[in-house]
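Provided herewith is a single structure, encoded as structure tokens, for subsequent inquiry.
Each chain gets a letter, A, B and C, in the order it is written, and its residues are counted from 1.
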Amino acid sequence: MADPRFFKRAGPFKLKDLARIGSAELGDGSDPEREFVDVAPLESAGADQVSFLDNRRYVDSFRKSAAGACLVEPALADRAPGGMTLLLTKKPYRAYALIASAFYPEVAQAEKRHKTAIVDETAVIGPGVSIGPGAVIAAGAEIGAQCQIGPNAVIDQGVVIGEGTRVGANAYLTHCLVGRRCLIHAGVCIGNRGFGFAMDPEGFVDVPQLGRVVIEDGVEIGANSTIDRGSGPDTVIGAGSKIDNLVQIGHNVRLGRGCVLVAQSGIAGSTRLGDYVVVAAQGGVAGHLTLGTGAKIGAQAGVMRDVPDGVSVLGSPAMPARDYFKVVSNWQRQLKAKDKPDD
Amino acid sequence: MADPRFFKRAGPFKLKDLARIGSAELGDGSDPEREFVDVAPLESAGADQVSFLDNRRYVDSFRKSAAGACLVEPALADRAPGGMTLLLTKKPYRAYALIASAFYPEVAQAEKRHKTAIVDETAVIGPGVSIGPGAVIAAGAEIGAQCQIGPNAVIDQGVVIGEGTRVGANAYLTHCLVGRRCLIHAGVCIGNRGFGFAMDPEGFVDVPQLGRVVIEDGVEIGANSTIDRGSGPDTVIGAGSKIDNLVQIGHNVRLGRGCVLVAQSGIAGSTRLGDYVVVAAQGGVAGHLTLGTGAKIGAQAGVMRDVPDGVSVLGSPAMPARDYFKVVSNWQRQLKAKDKPDD
Amino acid sequence: MADPRFFKRAGPFKLKDLARIGSAELGDGSDPEREFVDVAPLESAGADQVSFLDNRRYVDSFRKSAAGACLVEPALADRAPGGMTLLLTKKPYRAYALIASAFYPEVAQAEKRHKTAIVDETAVIGPGVSIGPGAVIAAGAEIGAQCQIGPNAVIDQGVVIGEGTRVGANAYLTHCLVGRRCLIHAGVCIGNRGFGFAMDPEGFVDVPQLGRVVIEDGVEIGANSTIDRGSGPDTVIGAGSKIDNLVQIGHNVRLGRGCVLVAQSGIAGSTRLGDYVVVAAQGGVAGHLTLGTGAKIGAQAGVMRDVPDGVSVLGSPAMPARDYFKVVSNWQRQLKAKDKPDD
């Protein structure tokens, strides 16, 4: 079970309730009243625990698992060990997410303003807000109901944060409007002046960065990521987008809804992403480009041109995935052919 | 206009004054006494606002813009919409920077030491210094006149900071000497021990890192970037250099004057950069190399060898830009030729 | 000498003692009683200082050095300038590390709990612990003897830290168990929820991240690095591993003993590294892979497949080092041949 120092568990739940929570079907011969007390990985789950199989790499662990119940695609049901109760669903990972959330619900922090928090008298703090030790809320900031502001986080002047948003320890927010139910992890920096300056023989001339960062509802931003404010237009992070750790987003970038930026990826200034764009780990996108809805940028890819809707690109410089595989296969072929001169 | 929650605007300014500030010429038929109240992007600027065209990508927005006045290169003046007042300059972006700075001047914070700031009694604090809530200034540190130390920033023992430098929230400075008028953003870590250790069958042996970080005047360092102190020699950041977010600089690195390191780039230990070297986003430079004055390192490039003065390199491993374009074009050519065996 | 504002020097030491400390042999004709007062780089060392030559790039500096004594491999001894005392060892860098540590021993901070530190009454604080200004230690946390917790660092609920571990300024630790004698630098974020969510037409569904981060003894973690907690299993960092700045480690990753992850590298979720794996700067490793003991991943390499024990890979996508060199040399060859059609 999850370490009780860090997690509080609910339950137990009956099988029929878990099926309902996870929108799964009960496998043949299962007992809907059977109780389960926890979720667990395939390798360690026991008779009163629920596990899941989502990745075919782990079919072998599934075969050997002692889990009492398991979420699994119908197509893989016949690989189950004898005696395992099955919860059948085409989306076992999603179902696991919902069931695990039932066992381990988010614990809302009680309303509290730690005595060492520094809250400016002109700041507007909604009901139910929790403000950690050493946190700073500057003049004119507005913190929505049920927000949680972590220890030593700094919310600078005029920043607006919507209801239910959580801000991690040591995060810094300035020049931004943040939506509802966002999750901003520790160490994140939002709203710093963008990297804007004009070249000049006598040195660089800083360009005032007069925009903001607008973060829509339900956005998650991973630890130590950085999002610069716009130079005039705003930098916009579309609703429901998921941003991982150590990601960089330059000024004036606009993300559509539901974009996913994996760790250490970066988007240069003024580039626009449609909805549901994925940028894999360490991928980079140059400035002033447009990535269409559903575009997929591979890990470490370097995007130098617009990417149309739904197209996957790989490599640096990035090219359509099919071309990239051919290019790499040509490298491999030339390796094998190296005894023969090819020029 | 810029969000008044975050920005205070000056003005209005007469056209003749804007021309002077931006070193621009008035276009034919313009009224030098006409007043303007703000700067704005081409798309949203109105009749009493000033915009700029700097990137040919945006000529179409220029044609359609309702901006009352626009900074533009003489060569593009004939693309202007009827009735637009032109401010002609060969450096419209630089001129915009100067004019926008006139409308939105930096607001110096008043001298203040927040009551929750922890300032060691042996620290030396110059006149006009602003120290935010929860900031820590340790023993023997020296903070020059008019410095601004952000909330929860930590200035460790003996650190010296020159006049007019601003340090962002949650930044950490140790073992360093910082020049005048620097801008160190939130979350930056300067002066940590470098990544120095000797291999050994019984484990790694840490090598004491006995140098400092020396940051010359007018340097900007982006959010969450990290600069390690030297191992014996110092790590040096040359005057006027611009460092973006999430950049890593290893021990003993020396940057010349006016270098530009774009987001997520990294310079490994003991490498020396001449003046005005540019490393684009996610570029990496191996250790113990020399990059000559004006060298340009492309985005995601991986530099394994010295780069002579003024040379541009691209790719990983990095090669002269011209070679890189040929290599990539060979890949493309082989794609097209793939129906024919080439070996 | 090292700047006395930042470093306290011990000594002087006699040559015979330095030889013992560094496990080095005295060169011919040297005086074992001769005293030395400091270590210094080859370029600046004087007659009463000890230097070292470890990298053949710097033989020229060695020839010209005025260092009174120098640690050097026997094979390079004949390049020494006349009059230089030699300390002969096959591991001059390791010997230097030990000798420099004698001159500049770690100064343990005295037991102290700064009056502005916020320590929950249920936290357990061992003897000799130093807690900096503004640091936060939450309910149920356990801090081992002689730990040092930096200014404004935040140790969240239930976190356990072993004896003698140092945590830097503004670091954030949650959901983790940290071993003894670890060095966690400023701005590090450990234990945030991993990047786990299920896709869904109605939006992403967060997957509870129910594991921890387990950091074994003697681990070093560089500034602003991020380590996510496991999703169910733990994320584990093996004993003695060295992690540089701005490194990302995803959920469920397991590092063996003595791994080295250089700056800006990243390991995606559920990947396992054996012992003594090295990932060079900006290298990336995809998820669910296994890197064998002693595997070496080159700078900027992109690992998409398992890597067997002891194998070095380079490039993106990563391939065995020998293949990579051939691939790159093919690119170069095709450049030279470009006047002739090769297809």
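In this section, a residue touches a chain if its C-beta (ideal position, glycine included) is under 8 Å from a C-beta of that chain, and two chains touch if they have at least 3 such contacts.
What you are looking at is a predicted structure, and each value in this text was computed from that prediction instead of being measured.
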item	value
Angular offset of chain A relative to chain B [C-alpha, multiple of 5 degrees]	120
Homomeric contact chain B-chain C: same or different residue positions, threshold half	different
Chain B-chain C separation of Cα centroids, rounded to whole Å	28
Overlap residues in chain C, where contacts from two or more other chains coincide	116, 134, 152, 170, 187, 224, 246, 264, 282, 300, 316, 334, 342
In the complex, chain C residues that touch chain B	2-3, 5-7, 39-41, 43-44, 55, 57, 91, 93-94, 96-98, 100-101, 103-104, 114, 116, 132-134, 150-152, 168-170, 185-187, 218, 220, 222-224, 240, 242, 244-246, 258, 262-264, 281-282, 299-300, 315-316, 328, 331, 334-335, 338, 342-343
Complex interface listing, chain C residues touching chain A	116, 118, 134, 136, 138, 140, 152, 154, 156-158, 160, 170, 172, 174-175, 187, 189, 192-193, 195-200, 203-208, 210-212, 224, 226, 228, 232-233, 246, 248, 250, 264, 266, 268, 282, 284, 286, 288, 300, 302, 316-317, 323, 326-327, 330, 333-334, 337, 340, 342
